[in-house]
Structures are given as structure tokens and as C-alpha cells.
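Below is one structure, written out as C-alpha cells; comments come after it.
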Amino acid sequence: MKQCTRIEIVVEQSVSGQVIDLLHKVGAPGYTLIPDIRGEGDRGTRRGDELAGDSSNCLFIIACDDDTIIESLKAGLRPLLSRSGGVCLLSAAEWLRH
Amino acid sequence: MDTFLSNLSSPPLLFFFLGALAVAARSDLEIPNQIAKFLSLYLLFAIGFKGGVALAVAPFDTQIVLTLGAAMVLSAVVPLYTFMFLRNRIPIADAAAIAATYGSVSAVTFVTATSYLDVSGISWGGHMVAAMALMESPAIIVGLLLYRKYALTDGDDDDSFSWSQLLREACLNGSIFLIVGSLIIGWITGPAGMSQISSFIQDLFLGVLCLFLLDMGIVAARRIKDLRNAGSKAMSILITMALVLPLLNAMLGLGIASALDLDEGDALLLIVLAASASYIAVPAAMRLVLPQANPGSYLPMSLAITFPLNILVGIPLYHALVRWTL
Amino acid sequence: MDTFLSNLSSPPLLFFFLGALAVAARSDLEIPNQIAKFLSLYLLFAIGFKGGVALAVAPFDTQIVLTLGAAMVLSAVVPLYTFMFLRNRIPIADAAAIAATYGSVSAVTFVTATSYLDVSGISWGGHMVAAMALMESPAIIVGLLLYRKYALTDGDDDDSFSWSQLLREACLNGSIFLIVGSLIIGWITGPAGMSQISSFIQDLFLGVLCLFLLDMGIVAARRIKDLRNAGSKAMSILITMALVLPLLNAMLGLGIASALDLDEGDALLLIVLAASASYIAVPAAMRLVLPQANPGSYLPMSLAITFPLNILVGIPLYHALVRWTL
Amino acid sequence: MKQCTRIEIVVEQSVSGQVIDLLHKVGAPGYTLIPDIRGEGDRGTRRGDELAGDSSNCLFIIACDDDTIIESLKAGLRPLLSRSGGVCLLSAAEWLRH
Amino acid sequence: MKQCTRIEIVVEQSVSGQVIDLLHKVGAPGYTLIPDIRGEGDRGTRRGDELAGDSSNCLFIIACDDDTIIESLKAGLRPLLSRSGGVCLLSAAEWLRH
Amino acid sequence: MDTFLSNLSSPPLLFFFLGALAVAARSDLEIPNQIAKFLSLYLLFAIGFKGGVALAVAPFDTQIVLTLGAAMVLSAVVPLYTFMFLRNRIPIADAAAIAATYGSVSAVTFVTATSYLDVSGISWGGHMVAAMALMESPAIIVGLLLYRKYALTDGDDDDSFSWSQLLREACLNGSIFLIVGSLIIGWITGPAGMSQISSFIQDLFLGVLCLFLLDMGIVAARRIKDLRNAGSKAMSILITMALVLPLLNAMLGLGIASALDLDEGDALLLIVLAASASYIAVPAAMRLVLPQANPGSYLPMSLAITFPLNILVGIPLYHALVRWTL
């Protein structure tokens, strides 16, 4: 078991590629992606019912134990979140190592 | 009047109503999302292929080339006056996005118009599919250029802009790519290719359109509800624009059609292209190249107002105008 | 005997077996969920439209009106005796949900019966689709009224009850809404509408039914496994009921059919409607209006026992009875 | 970064509308919804294979930093959970503000 | 409210059956399963685009308040994770009881 | 040469190119995952049913039995020499998985070859579908036995091995199960069953194949990109093998086909089966019975190199060889 930070990011589906690029850039050790989900927030309801994916969100989960990576990820996310909306939550977790 | 009624009582349009009614009645009727996407891929694939096969048998002549050119010009000009009218009335990013939306086209409106012509026994040229494909991108580019020209002096930052991304979104969006690709494949394989897949492409077309419009009815009605909830002052401008712009653009289309002396079917399709507004390719592109624009403005306008207006009232109305003018 | 064998060797039923076998053999064969939903939407859309077109050409007469009335009464009466029999044997909410389930109908059983008739060359009336649609809701309402009458004296709380929600669930459930809507659209557009979409609706019907029953076989066999795992004493009552109720209700249906002097095809369909139990509309409604009822009781009964019983043995058996009686 | 509570709710698909109504009523700042998922619990296995959605669950994630909203959400959820089943987990998280 | 551990497991879709068997064996009180999702890690990118499900992941969420169950779950997961990859995160949460 | 060009200009193959092009151009065109799965289920269902109906009218004779036997032997022998060649060059688990992959078959390559024959007007026997189904499993079993024989002396642990799981994966994998099941149902119902669902199964086949190959083109091109990113030394062996193995195996198939004196159509299909590599059943089985093997090796080989090689160049090439030899 190892301490790590669990990062959870919800953004709209169409910017998922930008988040992946960012994760590669900052050197995140991996991610899990739940695509095509729904939600509601300041920018209205995303019902997941539009063909262009405009009304869908996606959720990233990233386990990371490297603080510099986390900091650059946060720095890279901020402008993206203020442009396109979404949320990013961080919490502590234990990572079961095999 | 007859045309109106017979249009309104065609199965696809009635299924559009049914979808809208389902939302109004708060039924939980729903087309699963991946299915809706598949139905739309099918329609793009089929119409593209059909258009390509038609092009293969009736090769290019001057009038076709002129029509294609006029279509592209139309798609670049509409955003100009739309933007100019809106830019001091609503946020500038929204104005640019709306301009792009109305310069571009709605493939499903086009498809509905072709099936209207088919059912009425009026012929139309396969190159109109190419015209539709050509009209998607210019509007996106013009819209963004307008935004950059007028917004940046206003002090907006713009470090995230990239021409390559803009062009990719404008020209390689999935739905544009599929329709152009199918058009080219239809054109390469010609009638021999069509004979292999015609039952899939032709016989199922109207049935699939029914189910797809059922979904569109559901989605459009949900957006109307959203609009009602928003209900600001700006909204009344947007709603008015969503009703006026298609008619205005249709007039422009009619002018060009009669200047080029197009046939009845092609003229109607050009007008429908002019009058229609994108709700797939442009909104998808805008979220990436112009995320500042509020999708709550341009999307409900095109999806919930202009689209139903065009398929329910517009097509037979434009048809009557074509008959009357040409 | 011949009828039985020829029924059992029809492609749709064999695909039902194949699905069940896949679960028994622990194969990972699976129809993706959105696809299964789409296949079911297609079947509802097609059967509704067909029925509507048939109604358009053979307008209402007294016998049709009587049949529709009898169907509704059937759907309200079946829950009464089902509930009375069960209410002291199992939890009262479960009894009410089972009563509603068996009073209502299974659209796929109906669809399978119509294709059985079509393949056998026996005609049936489009109004039977309307009869099916009319039988969905009364059972839900009666089931819930019974629960309220008998459970509340038992001290259950009921602050979450709302008539408007009940009626919405009973009448505007997605599948009911689609079948009624398609029926009405078919009726409005008539044979002209049918000619536009008949390849989609008629030619594909049996093939789609094969794939859908493949999925049903998989799901039904999984529920049988679940039932086996549960295996309490109450279960043996439920299993017995799931085998007896369809036969009992079929007899009632047969009585009404001969009283009304229905044609062979319509008589069989009315019996099948009586015998079948809902596994879409009613369970969906029950989760919202009667969440106290355990879906582990009524769902496996209708889906894993009554449904296969009806399509495998029931349809040819009821047909033999109809021939013998009328 | 701001402290908040991360609320995670799993309920059956058919009551998702009731949860959304509740979230609106208590004034939750937004939610993310993952529809049509599976699970197993006291009420048996939900395999996500039924047409009526009876055998599906859905998952809500809500980030909220207002304790009164959280309390009324909890109060509103309890009867729903005891009627239709499901789970609700709460944990502390940091919310990246843009 | 009751203290519990929130366990989150990401494995490839094809071993989801093995995880379910393990959860049954160790006596987990329930689980929630999000199937057919995507991800990237040491074993490359799983885009969720293959027919055999080879390129998909799935996510399990388990709320559990029994430490012996958690320990046997962790013990059972380790070999599975080293054979087929994936991550397992544990964190503390409060469980809203109804 | 003509054959090549006419093969390359058939709609399904052009849609494969279009899919690959979409990835190369970084378009976001995509077929939703459940839809791709459904299209593949449809193809398995249709080809299985067709094969079964064909078997029902042309019953077994000695040559058919010999062909089926030869097919199974082929599927067991190919893994042997593939493994022997690879086992000292790459990790032993990877060698075993690649061996199984190439011993087994690709249903879509087979389906593409049958539609190539149908379009060219060359007949083929329904038993070839049975041959395909029989070739899926032996390779999986042989591959795993080889691994156990050679890896365990190397000290790998193996407590997770179970024969029952192996056989279930090898024989009851969803896609094998569906094709065998549909074959048997087609064989039971015969032409009478076919007449009920032929529009669904036959008329739509090529259109569905177009959309499915569009998806395959997208996925294959993505895997090519992944391969390029990996780019190790071992990779060059793998790429070479992915190009050489199909040709080698095709020769073996050709030898058997001429030894058995098969007809033109059947000979081509046997060769295509030999040359093709599995990318559904075997990879799925390997993840469960041989998780040590790296899916990043065998999957891109079969999906991104061998599959396109076979459908684009292989089929017409093997056809030319058949014509030249027989």
C-alpha cells in the first residue's frame, strides 16, 4: 500500500482529448476514463442526448503519487476548467500495489 | 395548402411530432444515445453514397460547378450579415457562433427535403449532396475569423488558438468526413456499387428517417423547455433570429437559384441548405475552437426552432415559392 | 402436434432457445443493452404502424368496439382475482405487483403470435394492436388501487403516492407511448404511408424478432438461475402461479372470444393478450409507484416462466383450442 | 483549492429522476450522473440487461461545500434509499477552483 | 452514518467475472460496476474500441466496513492485478445508513 | 490485375480505407462501440444462418467431411510451426498467443471473401461456414498446450490454470457460439426459414459489411499508430511475421485444397481461412487463459496488418493462385 492522491476530473466530452494531451504532457502515470456521461452545473444540463457530444461529460480518475506531476496537472487544468467548465476533486487514497 | 398538409402528414414528420409530444407529456420515451448516433451515421452514409452515384452518371457541367461555387459563397456570406446584426446585441463570441451555425447546414433538413422530393416524384441532382458537404466548413472558418477580428481588440486573450485545429474541426469533423467519403465512394463505384447495397441504402431510408426524427423531436422539445427556463431578455432576440434568419437566408438562396436557373428540385434543395442551420458539425467545432460561446444560445436556436420550422413549414413553403418564381 | 413442432422450429423461437442455451453453457454471448432496447423499439414501432394502417383500411364496426372494450375489462378483471388469491400468501405489495403484471400484456408475445399467424397465412385485424395498447394501463391502475385499499389498513405509510405520477406511469410509459403513437401515425398515413416504409417495417420484422428473442432467451435464462438461487418456500407458489395464471387467463380470453364470435386470428390474439404478462411497462411502473414490491418476484415470473411458456407452448396450444372451440 | 464534501449515490436507474428532483430542491450546486451501470446488493444482482431499466443502477457524484445543503440532501435521501435500495457515501475532498 | 472503506478497482473488462467471483468468495456486502470504460497505463491505451472487449476496462466500487473482508479482498486482488494490470484505491468514507 | 482493381473498388473495401483515412487525418469519425458489436453479431448471425441453410439442401458427402477434417487439422498445425519459429525470439507467452491467433480464423475476412465470391458470381458451399466455425477452437487449445509444455519447465507458475475454463473459452466464446448456433438453426429450418428472414439476412448484408469495415478501418489504423509508438526491435519480427505468416499459411491451404480437389469457391475460402488470423475469439480467450501474453503483440499483428493484407491484397491474390493451380 502506498499513499497517493486520487484526482477526479469532470469535463465536457469534447475536451477529453485536451485532458489526455495534458495528462501525457505532465507525465501522469495513467488514467481511467468514463466517457459519455451526464451532469448539471453552471453551464446548464448536459443530458447526453446530442449527436455532436455537446451535451455529454466525461470523467477522469487519476491515481498519482508524485506531487510535482499533480501541481502541473492542476496548473494545466485551471484555464481549461474556466474556459469549458467542469469540476476537479482531489482526495487522499491508498494505492494497493501488486 | 395541399402541399403543406401532405408534408405534415408524412410518416417522418409525424414521428417528429410524436417525439416532441413525448417530452411535452413527460413520457420517458427515449432513443438510446448510441442508436441515435448510428441512425445519423446511416443517413449521412446513405445520402452521401446516393449523391456520389448520381454524380457518377451525370458528370460535371458548368451549371453544376456554378452551383457548387454559389453554395460555398452562400455559406461564407450568411455569417457575415448575421454577425454584423448580432454583434452589439449579444456577447461577441455568441454572435460569432450563431453566425457560423446559420451559415452552415443541417444534413437532416437536407435529407428530409430530398425525401420530400422523392415522394413527390421530383428529380434532384446528386451534386446537391456535394453542395451540402461544401457548405459545412466555410461558415465555421468565417465565424471564427470574425470573432478574432472583433473580439481581440476588445482585449480577449487568445493563446489557445491554432489554425490547424480550426481547419481540422471545420473540414474533418466526423459527420462531414463521412458524407464526403461516402460521396466519393459512391462516385467511384457508381451504379455497380449501388446495385450491391441499394436495399440497405434506399429501401430502409425513410424508415430510419422516421426513427431518427422521433429522436430529434424528443431532443428539440427538451431544448425548448431549457430555453423557456432561461427566459432572459437576450432570449427574445435569439428566438426572433431563429425564426427570421431561415426565411431571410431562404430568400437569398431563392435569388441565387433563379439567377443560376436551377431545376425545381435543385432550387428547392439550395434554398433548404441556405435556410437550414447546423446542429451537429458547427456546435461540435465551436466547443473546441470557440469555447467562450455559450452553447445554450446557438444550439437551441438551430435545433429547437429553426430545424422544426424548416421541416414542418419551410420545405413546402420554399417549394411553393420555387414554383411561383421559376 | 404438427402445429407445435412447426412453431418450435420457427427461426425466432429457435433463437430464443439459443440464447437460453448460451446462458446454460456459460457462454459470454450477449446483445449490447442499447441494441436490445433499439430492437424492442423497432418491434413496437413496426407493429404499431402496421396495426394503424390496417385500421385505416378496415374502419371501426361494432364488433371492433366490443373487442376493445372486452380487452380493457379483461385487463382490469385479471388483477382482481390474481390479487385475491395471492394476498394472504405473499407480501401484499408483491401480490399487487403480480396482479398488475398478469393483467397487463407482453408486446413481444403478441408480436410473436402475429408472426405465427402471418407465417401460417391466417389473417388478423389491426385493431388487435389497439386492443393490446389498451390493455397495458388498466392493470397498473387496478393493481395499485388494490394495494392502497388493502395495504393501508395494514398501516403502511403512503406519503409518496401521487395520482398524477401513477397515471403518467400507467399511460405514458415509453413503450406504451410508442406503440400508441405509431398506431395513430399508421392510421393517419394509411397505405400511402406504409408504401413509403414497408421494406423497413415488414421485410425486416422477422429477422429483428430473431435477434430480439435471442436476447430474451439470454435474459430469461439468467432470471431462471436467479430464481433457483433464491429458492424459498414462497418461490414455489410464485412458480406455480407463473405456470397456471397464463392458462387460466387464456381460458377467460377464449370465453370472451367465443362470446364475441371473433375470427380465428383475432381470437388467438385476444387469448394471447390475456395469457401474457408484462415485463417492460408494468415492472418499470411498479418501481416508481410501488417500490415496496420486490422485483425479484414478479419479474422472473413473467420474464423467465410465463413468457417462454406462452411463446413455446402457449401459442400453438391456444390455437388448437380456438380451432376446436370456434 | 477549497474543502468540500464528495457525495456519491448509487440508486436504481428508475429513481434517478427523483434524485435529480431532490438535488434541485435542496439546491445542490451541480451533479455528475453515470447512467445504466450494474451492481449487486441486498436486493439482488442488477445486470443491466432489462429493457425497462429495472436491472440497472446509476451513480451520482456531487461536490458540495455547503453543510446545510448536505444535511437536507441526506435527509431527503434516507427514505428513498430505504424504499428502493442503494448506497450513499460521503468523503472529504479538495475542489480545484478555476 | 457509519465509517467504512471505499474500495475502487479498475481492471480490464474480461476479468470482471473473476473480480465478481472474488467479491462473492470474500463476502463483500455488495458492489457497483461501471462496465466498458477506457484508460491508459503501463499496458498501453485501452480505447474501448475492440469487439472482444480486450481494449476496455471496468470499474468496481465497493463500500465495506469489515476489515477482515477488506484484507482478504486485497490478498485476492494482488495476483490478479499483477497478472492483468489495473489499479486498486482505498479511502475512508462515511456510509449513509437508511 | 483486373481482379485486384475490382476488389479494391468494391464498396466494403473502400469504406475500410475511409476508416483508416479518418484516423490518419485525425478526424473524430467513430462508430459507437455497441453498434460495432451489433454489426459484428449481425454478420455472424447472417453468415451462420446462410451456411446452415446451404447445408440443409446439399447434405454431407465424403468430400465435405474431408474438408472439415482438413480445416481442423490446419487450425492445429499452423500454431505448431508458428510457435517453434517464434519461441526463442520473443517471450514464450507471446509466442503461444501469436501461434493461436494465426491458427484460428477471422470471421470478417471469411465474410468478405464470401461476398467477393457472390459479387463475382462464383458459388461456394455452406459447409465452409462450418469449417470456419471448427477452426476457431483447436488453435486456442494447441497454443495453450504449447505454452504449458515449454513455459512450465522455464519455472513459470501456473496455479490459475483450469481445463474447464480453457475449453469454455475455446469453444463457447460468444462469437463462436453465435455462428455455430445460427448454422444449426439455419440447417434445421432450411429454405423455409430462409424465406422468412431472407431480406434481413441477404439484402442488408453488404451494406452492413460496409459500415462494419468502416469501423474496422478506424480500429486497425489506430493499432498501426500504437505499433509505431512501440517501435522496439521485437516489433520488426512481429511485423514481418504478420506479413509472412498469412502467405505461408495460404500456401498450406492451397496445398490441401488441391489435394482434396475442391471447387474454385471452396478452395478460395479454405485458403482465406488458413491465411486469416483471429482478432476477436482468440484475443478474448487469451486474456483469460494466458494473461501473461502481451495483447500489444498479437492483436495489432492480426488486426492492423494481417487483416488488411488479406482483404485488400490476399483475396484476389489467392483467387489468382487458385485459378492458376486448379
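The first chain written gets the first letter, and so on, giving A, B, C, D, E and F; residue counts start at 1 in each chain.
One rule holds for everything that comes next: a residue touches a chain if its C-beta (ideal position, glycine included) is under 8 Å from a C-beta of that chain, and two chains touch if they have at least 3 such contacts.
Just so you know, these numbers come straight off a predicted model, no measurement behind them.
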Starting at subunit A, fewest touch steps before arriving at subunit C: 2
Taking each chain's C-alpha mean as its centre, the one farthest from subunit C: A
Shared interface numbering between subunit F and subunit B [over half = same, under half = different]: different
Most widely separated chain from subunit D, with each centre as the mean of CA atoms: F
Intercentroid distance (Cα basis), subunit E paired with subunit B, Å: 45
Centre-to-centre distance between subunit E and subunit D (centres being mean Cα positions), rounded to whole Å: 19
Gap in Å, rounded to a whole number, between the CA centres of subunit E and subunit C: 38
Junction residues of subunit A - those touching two or more other chains: 34, 48, 79, 91
Junction residues of subunit C - those touching two or more other chains: 33-35, 37, 175, 199, 203-204, 284
Chain-chain contacts as defined at top: A-B, A-D, A-E, B-C, B-F, C-D, C-F, D-E, E-F
Contact set on subunit C toward subunit D in their complex: 33, 36-37, 40, 160, 175, 218-219, 222, 226, 279-281, 283-284, 287-288, 291-292, 294-296, 299, 303
Subunit D partner contacts - residues on subunit E that touch it in the complex: 1, 4, 6, 20, 23, 29-35, 61, 63, 91-96, 98
Of all residues in subunit C, those that touch subunit F in their complex: 9-11, 14-15, 18, 21-22, 25-35, 119, 199, 203-204, 206-208, 210-211
Residue ranges of subunit D in contact with subunit C within the complex: 12, 14-15, 36, 43-45, 47-54, 79, 83-84
Residues of subunit B touching subunit F in the complex: 33-35, 37-38, 41-42, 45, 49, 168, 172-175, 177-178, 181-182, 185, 188-189, 193, 196-197, 199-201, 203-204, 284
